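Dropping the structures in below, format is structure tokens.
After this come two complexes, each holding subunit A, first together with subunit B and then together with subunit C.
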Partner chain A sequence: MIPKKLLLFLCSLPISNVLANEIKEDPVESIEVSEPIQSTKTVEFIEETKNPKYFQNDLIISNKTTYPYSEELKIRPLPKNHLLTSFDFQIASDPVDFSSSLDYINYKLFPRSITPLIEKTKTRELHLRFGQGWWDSDNWGELPNHGINSGGIGVEIWASIEAKTKEDAFASWISLTNSLSGLFCASMNFIDGSKTIYPVRSFNSSEEIPLFDPENNIYLIKAALPSEPVCTENLTPFIKFLPTRGKTGLSSLLDGHRVFESEWHMMSIDIKTECNIYDGLCQYKLDQKIDSVVDISRILRRKKNPIPKPVEGSELICDPTKPHDAFQCFPLDNPKQLQFTLSDIFGRPISGASLISEKDSKVCVDITESWSAYLSVDGQFYGTPSNCFELNENQSYDFFFKADNSEDVLGVSDTLVTASRSLNGYGQDKGGSRTVFRNPYDKPVRLIYLETLPWFMRAYMHTLSIAGGEIDDVVESIYYLPEIDRQRPTHIEFELLIPKNSTIALSYSFDKSLLLYAEYPPDANHGFSIEPGVIQVIEPEKYQFRTSPALLTLPTPDFSMPYNVIILTSTLIAYAFSSIYNLLTKRVIDYDDADFLNTEGSIKTKIRGRIHKIRGKINILKGLLPKREKKVPIDDKIISSIPEKEETKISGD
Partner chain B sequence: MAQLETAALALTLLTRVAIPQLSPSLTEYLENESVLFSTLITSYKSLNEGIFFFKNNLNIYDGGVVHTPPLLIYIIGEFFQGLEIVLWPFIDVIICFTLINISKKFPEKKLKPWVIGFIYALNPIGIMENISKSWLIFHSLFTVILFHCSLNKQWLAMGFFLSLCSYLHYQSLVLIIPIIKISNTINFAKTLFVFFVTSTVLYLASYKLSNNSNLFINSTYLTSFYFAKISPNLGLWWYFFIEMFEFFIPFYTQIFNLLQIVFIIPLSLRLPFQFSFLLSVAIIKFGNNFAELTDLILISGLFLTQSYIFGHLKLAYLGVLLLIMAVILAPIFYHLWINLGSGNSNFFYAITLLYNLGLAISLVDYIWAVLQWEFKLDTKNKNVNKIGLF
Partner chain C sequence: MDISRIENDQDEKLKLENSKRISQLIQSESADSLLLRRWVVISIILIYVFIGLPVWFKLTEIYRAPLPSNFINMLQNNQNIDLKIHNTVYLRVGDQLKFPDLPEATQIQINHELHQLTLDPQESLIVDWNVSLTYDQPPNNNAYILELEVADSEGIAVDEISKVTTLFYTLQSIKNNDLPFFVTQTILQHIFKTEIEMFKTKNQKIKNSNVINYSPKVHLSFKLLTGDGLPIDWEIDQAINEYFKPLTQLFKNYIEFSIDSEIKYFTQLNLKQTQNETKELKLNELSTILDFSDWDVSLDQFPYPQLNFILYFPSEKQSPLNFEFSSDEQVPFLIPQWGSIILHKYPLEENSYIKKEYLLPVLETFTSELFTLLGLPKDPKNPFIRLDALLKYTIIDNLNKGIDSLSSLLKLSESLPNISIPKTVLNNVKRALLARNNIVKYLNEDNDFENALLESIKVLKYSEDAFFDREMVQQNFFPQEHKVAVYLPLLGPLTLICLLGLKRVLSEIKVVNAKRQ
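Here is the complex of A and B:
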């Protein structure tokens, strides 16, 4: 049945139906195609579909048949010449009745590589985050999309898995993370029990998760790898999930060099299973997002001078509020007038709209009147009053931006509350954690603060204290699951109520464990990363953000002398053991007794006497035996004087 | 005499109550920072965490932070919360009192009982150890009382206190072997009966207190048995297990557990009861995986009661000086390693090695002294049985 399944998946790709029918008629070929997901055959086949001819054919059909795919790019200037670009790609699979046993599922554009994982592990929701950099919430305000699509630094993954028991869910989870690890070239295979938590109040999905077997439960499982470097190898599989594969459409802008050069970037993948109550049909929905913040002036400067050079005097913009003449100047960092194109930012223009999507590719620019944005096609500039553009042709698009006053941007929505976490204490054996929440507004904020601490951080909850408020007023409830060495991390969820206009510091102390020799990282390292705390604001409105990861230095043993340690300790044991043994088997006596024992009473003498007796008996027995001819005794001296040949003669006798 | 003894007890109480009041920073340091006076198993912090869990109806032993036996958490949390600054000194007073009484049992005593009381009261290590509030002091208390009862041949009480001892520190179970030596079948059956009854009650109460689960066995006893938690302490093993190759660890775990008990039977066979008892205690403590200075205080206290032996010691100065040196240098080297970073762990390891060498030398020397004493006693009593050995 599998070949058929895969066959229909292939049909779902933008190929002409004729081609699909041809394969259908030839089962042998379909088997060849149906090798493992990443087999070269499949890849080649997909490559073929990018042949422009097919697209031309497909275009005619796709004018009527559309695919459940849409893409959108939002561009929004931020203060201090920063630019936030948010890509949003949405794909849905065909609605199918999952509960009945199916021979095949038609995924259409839905990425084939991910579906077997989801089905095998019964994952109903999967969320992946790859992030790097620091979001400056003081200047940039709230995270895009209320922080729902943002994760912490490094890799973060959480999933809702349907399973009978927690153990089954965990097994599925391990299988899922291992597979994703291969798929995304990330170290998710290092996720084990000691990094996994089961969030209680955080990360709860607002929508109901479908359950296909009423006897099962949904288990929400989460893990993070805060020290994972996110890089191009994570972006490539991300783009491969898209039906346009970075060749056309908005995804053609995504170049690893530019995305990872940004001040902050976040890649997110959310897969959901949605079911329609009325017809019982379910479908997968995939939402892929990339948000990044770039420093425009830096990028323009680099474009102009790839090798950094001092700015020429004529180009310096001096601060008018301070004295300036030909010899002195206080330069302003951020020029207020800006002119740039989208290809300046991303290194290339949009190479054609996505022609297979349900809706046209959409680009929206959120700007004030000081800014203007134009679509540039073939050297012609077009503008719209809403600053939203819909692209629907197969030609190169670029955008041109102009700002008279780049500081005049749409007001950022301020974050409801800010949080920063730090580790304190000076020793390597213990320390404290302190998280400061600041609520500058006139409304109290209710939030859930989730912390996952590695097992080698032994937190003491009785030391929990609150500065800036009463503990009973601020801490509404705590969920606390302490660590188990090498098996489970510490999992704390605080429900906090931050009063209006206040700053609250939450602190507790912890001890650090020693690890075993082999558990320390082999290379030079600057410490262990503690994953970012997750803050989920419930009231007055929903918002989610994270603290920075923390760095923990552990007490380190000296690795240079394991043998010495083993030898020295063992020597001491040997000394203690042997001395005690020696003394316990001895008795203190005076000289007379000692002499007596040495001559008559000692074990030695007794044993000797026994041996003599036995020998005597043996000799008597020997005397009874028939006598043999005795060998001629040979004196050593004689042997040494006799030449070798003669010696053999004698011995031969 | 009695007045001087009372004075010693009062002094014990006074030093242990007054010093924390005079110097709160010392108290805070000893409770939280000191590596010598408590380990992660016995620390006051860990006990408090247990009490916090207990008060909040959390499952105390579903985690790796609390290793305190449940009954101790319950009793201190329920009845002595806020009274800790009096409870610990009071325990020390009882220990001091029992030690004085024990020393009175031995007629050829060299040190007068009140001297022992004063030594115990003014021992700076003892005072600091008390201020650090390691709960192992309860084990010291029960061990001392057990010794007292067995000298008085109080069979029922022996069973009771042996059970309490082993409840707090499972290795103490082997102290039953020296007890066998002094008891006949009927008396031993009495002791054993009380021991089993008490142990069952303790177990059931613990089971009940830890939310009807056996997890506490894992956290309190098995952690110790498997050397599962590794943290710097005065013992021999922590560094050994860090540096040991992983596949040898199970082997050495068993070796070291064996080492703690292997001498108990020979000691009991060879030496008179009082020595076999206190040397058994010393050997258990020497091989202990989470060593702290509470052990040293207990051993030295017990040794002091047998002061008539001291004349036969050959290496007393060496042993004592080694121990003093280790006790002074250990916190310094620990500070160099952990806080300053100018020394590494080998420094601290070397000093723990020295501490254990000091203990080993003292132990061996003490056994030698006992043998000497035995010999003197024999010759004095003129009942040397020349052939008796064989």
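Here is the complex of A and C:
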């Protein structure tokens, strides 16, 4: 008899015996595998522990309830023992007629913390990105989901706001970013006009954005904070948006320590308003994603040895193509054979499926033949041919992965074009920016390159030059909105056509402005982050990615300068004053006279005069004493300090 | 020859010679010129001390806006001196009877009663409060109306929906001329009893800590919380529409309610997970057991107060909750200034659906707790009269709180002479005082309590903005010594030069005087 629980895994095959043999052959692995028959006991046990004492009331009836929530986890090994995990949580709100004013809202699943905010600011679409780390596109290929859910390093936010005028839209935008700042513990409250742009061709949504008032317009607004450190405090509100609140379901895997330890990670939140044309009801759709890339070998190493130690000689895997013996070894970094569980990667297993969602929690693993993935429940292992698993029981789940050749992964789709941006030039007042686009394929690539430069970086469009091609062939069009000091950043959108098999470098130069004393941040010498350029590939297929942020060093003043100025000026004034004062109050006399007065008035003379006086008195006293001729010269020597020569001189007088 | 005598003689000689030379040197300059030099030295010192130092002090001074301290102190010392709360009661006499002198006769009695109150400092009212009676037609249907009707015995009937009070009197009482007394009693002991009690000095100290500060807008959030992740649902939409909406309609002139509801899962109680079954909930531990921050339910998205009403079901693991203080299956609790929670003993089953019939008594409990949280007095039965009393009291209370903040600001600025007082503080103080003037106008001239309330909220807001000004607090740590230290390279040499010059002139005067003698 098949246990009741096993029926839930309709697509799963009873291969655990096979697997058990496999594992038992392997001496390294020590997972205890029990016979599948035993699991019936487990089911009974669970039912026993459940205390079926519920709140009973005739007015509480049983009614099958499901909510529009779904969660999915995709796991995909990448070359060089890296692992890409993509979480996807989707929530929809109840359809409501938004055109009439609402005085009462019922939240069932959709996060209550964000909805009043969106409604107040009339935000029809909201996109938030929190990212950190570097995506190695040479090895890992395209960004997940064609880069649509990826942002730059730091925080990026863009929104479509319905408003009558641009000023209204901006006011809503500021209110939105301020509230989000509190919600996500990020410094989005520092977004102001000098960081905000209104993208023209980039970020345009492919779908129609509903307008609730036909007199209004939709304004697309974007800002980025490239130097924002993304950390656990941003993840916590992210998890609290989910109905499971990280307690069950796939979100129970999300632990700040593990997510932020990864090589690259990206949290994204997209909220869209969708309306049904037929009944006029609208609803919000919230899509939350977390993508991260972890280095499996590093994580396993850390798990084994939290304090790094050198690898023992017996455990070294030497490069067979190079000479190796007992004393010589060129170690290979990445072992080809791997065995690990999901809880190794995330620090904990999945604590039960989400029972609130209308669909089962789904986990899919994209692997080749060299890899195998099994679901592990209560020590039982299950596999499916599609490597997709559906979880719908309230118990602990884990996954077991095994690779004979970890380098054999599903082919990564190469990026259509790569771009890298750098700042060049020397000195404190000028600089240049150079972005290199490389198209290694036989198809020309059409893309839109968006750059937002802060106002203190004054770009000169006449210096725009293209290396590796003709400027007229490469640059199709430019949208350029120059900066206004402290109010608006420079906003450039290039439409570029990168010819096949070519490398194009786009460069221009800029001036660096001086900031006001109070405008410098506390770590002014660190430099100012320039937000990543956004590259949106239109042809041959849609793809979106960003360059890395740049660090611009500005001339920084000496911040103790005001004090120095005060002190220096004070000294100069004191000096000038004393000269004039002396001229006014002192008179001019002979040098000899001045010398005389100096000696006369000086302490040395006074002391000498005092000594003379005392000596005179002693001499008088001596005159009163009875004479002892022999002692006189001795006394003289002791008391008198006047040299003999002088004495003779005086006596001569 | 004695050597010492020779030396002494020689010293004397040298001294004589030297002093001769000095006096020659001194006399080489004319007395006028010497005098001029002395004048120069003294005038420079005088300019330095009497012009230079004050100018330096003024130029490097921290900006301190001039606060209207006298006016604020006056307001603080004589609270509500210029305020009057005058209510008008419109009399209606049924049964074709006419009492032309009834208002005057009653007014005398009312004034007398109110005067009696002022004799006892504990009983006296904090504001000039009075009622006047008239036969005029009420200007709107929100006025106090007192109907007189003949009946077999004396009695009072209070309407529940409008502010109409009916006084039943007998013909005997007219004969005895007791009618003015009855009317006075009705007005002071029934209609305005709560209001008078609120304004009494002795009741000012007692503050109800449960009550939120009055705000014209209040957000109500109804929540269904469960410790588990099993899907549940409730018929809250219909329940609120049927039961709660009429209530909000009733209140709409006083408080505007915005409402939402939500379901939250995995809101576990902060109970110690012990193996034995006694998970006893003690009343004094309740504040640690209910961990609102973890439940993520109290969010400040609204610029006005939010009250939460929670229907709580524990998780299977934590159930049954063992209430130490009650054997009921559900226990309601009031959480001061936050809301109310109803704890259930047993968890809900999967896919439970709570019907509106179950929610109606729950909402009734919540309503009575809402009244407590809003600080509505218990008497009289008519909610409008209660709300009116609360409203008038809130105006005066806000006003006094605002004036308190302003006088604290004054105290702060006086006790910290180095603190800067920016213009924004002054502007906020001015705005607060302007709003106060508006209240005086609304109360004394127009009897417009709604607008006065709005202005009193402004008083509170501006006075708090003035007190908690960011710039003012930041500049707190800029001491005077710092300034002296920075300017020491200027002040030090100047002072030293001036003093040494003075000393030289003084010694010169001594020498010259000695020579003259």
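Here, the second predicted complex is superposed on the first by the 494 of 653 C-alpha atoms of A that agree within 3 Å, B and C clash if a C-alpha of one lies under 4 Å from a C-alpha of the other, contacts with A are read in each partner's own complex, and residues count from 1 in each chain.
The rule we apply is simple: a residue touches a chain if its C-beta (ideal position, glycine included) is under 8 Å from a C-beta of that chain, and two chains touch if they have at least 3 such contacts.
Note that the structure is a prediction, hence the values are computed from the model and not measured.
Residue contacts after overlaying the shared chain place A:577 against subunit B and subunit C alike. By the document's definition of touching, neither partner reaches A:607: not subunit B, not subunit C.
Shared-chain residue A:481: touches subunit B; no touch with subunit C. Once the two complexes are overlaid on the shared chain, A:316 sits clear of subunit B and of subunit C alike. By the touch criterion defined above, A:596 reaches both subunit B and subunit C. A simple residue count on subunit A separates subunit B from subunit C, and the partner touching more is C.
Judged by the touch definition given at the top, the superposed model places A:356 against subunit C, while subunit B stays out of reach.
In the overlay built on the shared chain, the residue A:511 is in contact with subunit B alone; subunit C does not reach it. By the touch criterion defined above, A:426 reaches subunit B but does not reach subunit C.
Look at A:556: by the touch rule set out above, it reaches subunit B but stays clear of subunit C. In the superposition on chain A, the residues of subunit A touched by subunit B in one structure and by subunit C in the other are 566, 569, 573, 575, 577, 581, 584, 587, 589, 593, 596-597. Across the interface of their complex, subunit C is touched by residues 50-51, 53-57, 59-67, 103-109, 112-113, 116-117, 179, 240, 243-245, 247-249, 352, 354-356, 394, 563, 566-567, 569-571, 573-575, 577-578, 581, 584-585, 587, 589, 593, 596-597, 600, 609, 612-613, 615-616, 618-620, 622-623, 636, 642, 647, 650-651, 653 of subunit A.
Across the complex, subunit C meets subunit A through its residues 1-8, 10-11, 15, 18, 21-22, 25, 28-29, 33, 37, 40-41, 44, 221, 229-233, 236-237, 240-241, 258-263, 265-266, 296, 299, 301-302, 313, 316, 319-320, 329, 344-355, 357-358, 486-494, 497-498, 501, 504-505. In the complex of the two chains, the subunit A residues touching subunit B come out as 426-430, 455, 458-463, 480-485, 511, 513-518, 555-559, 561-562, 565-566, 568-569, 572-573, 575-577, 579-581, 583-584, 586-590, 593, 596-597, 601, 603, 606.
Across the interface of their complex, subunit A is touched by residues 32-33, 35, 40, 45, 48-49, 51-53, 58, 62-65, 228-232, 236-246, 259, 263, 266-267, 270, 283, 286, 337-339, 341, 344-346, 349, 353, 356-357, 360, 363-364, 367-368, 371-372, 374-375, 379, 384, 386-387, 389-390 of subunit B.
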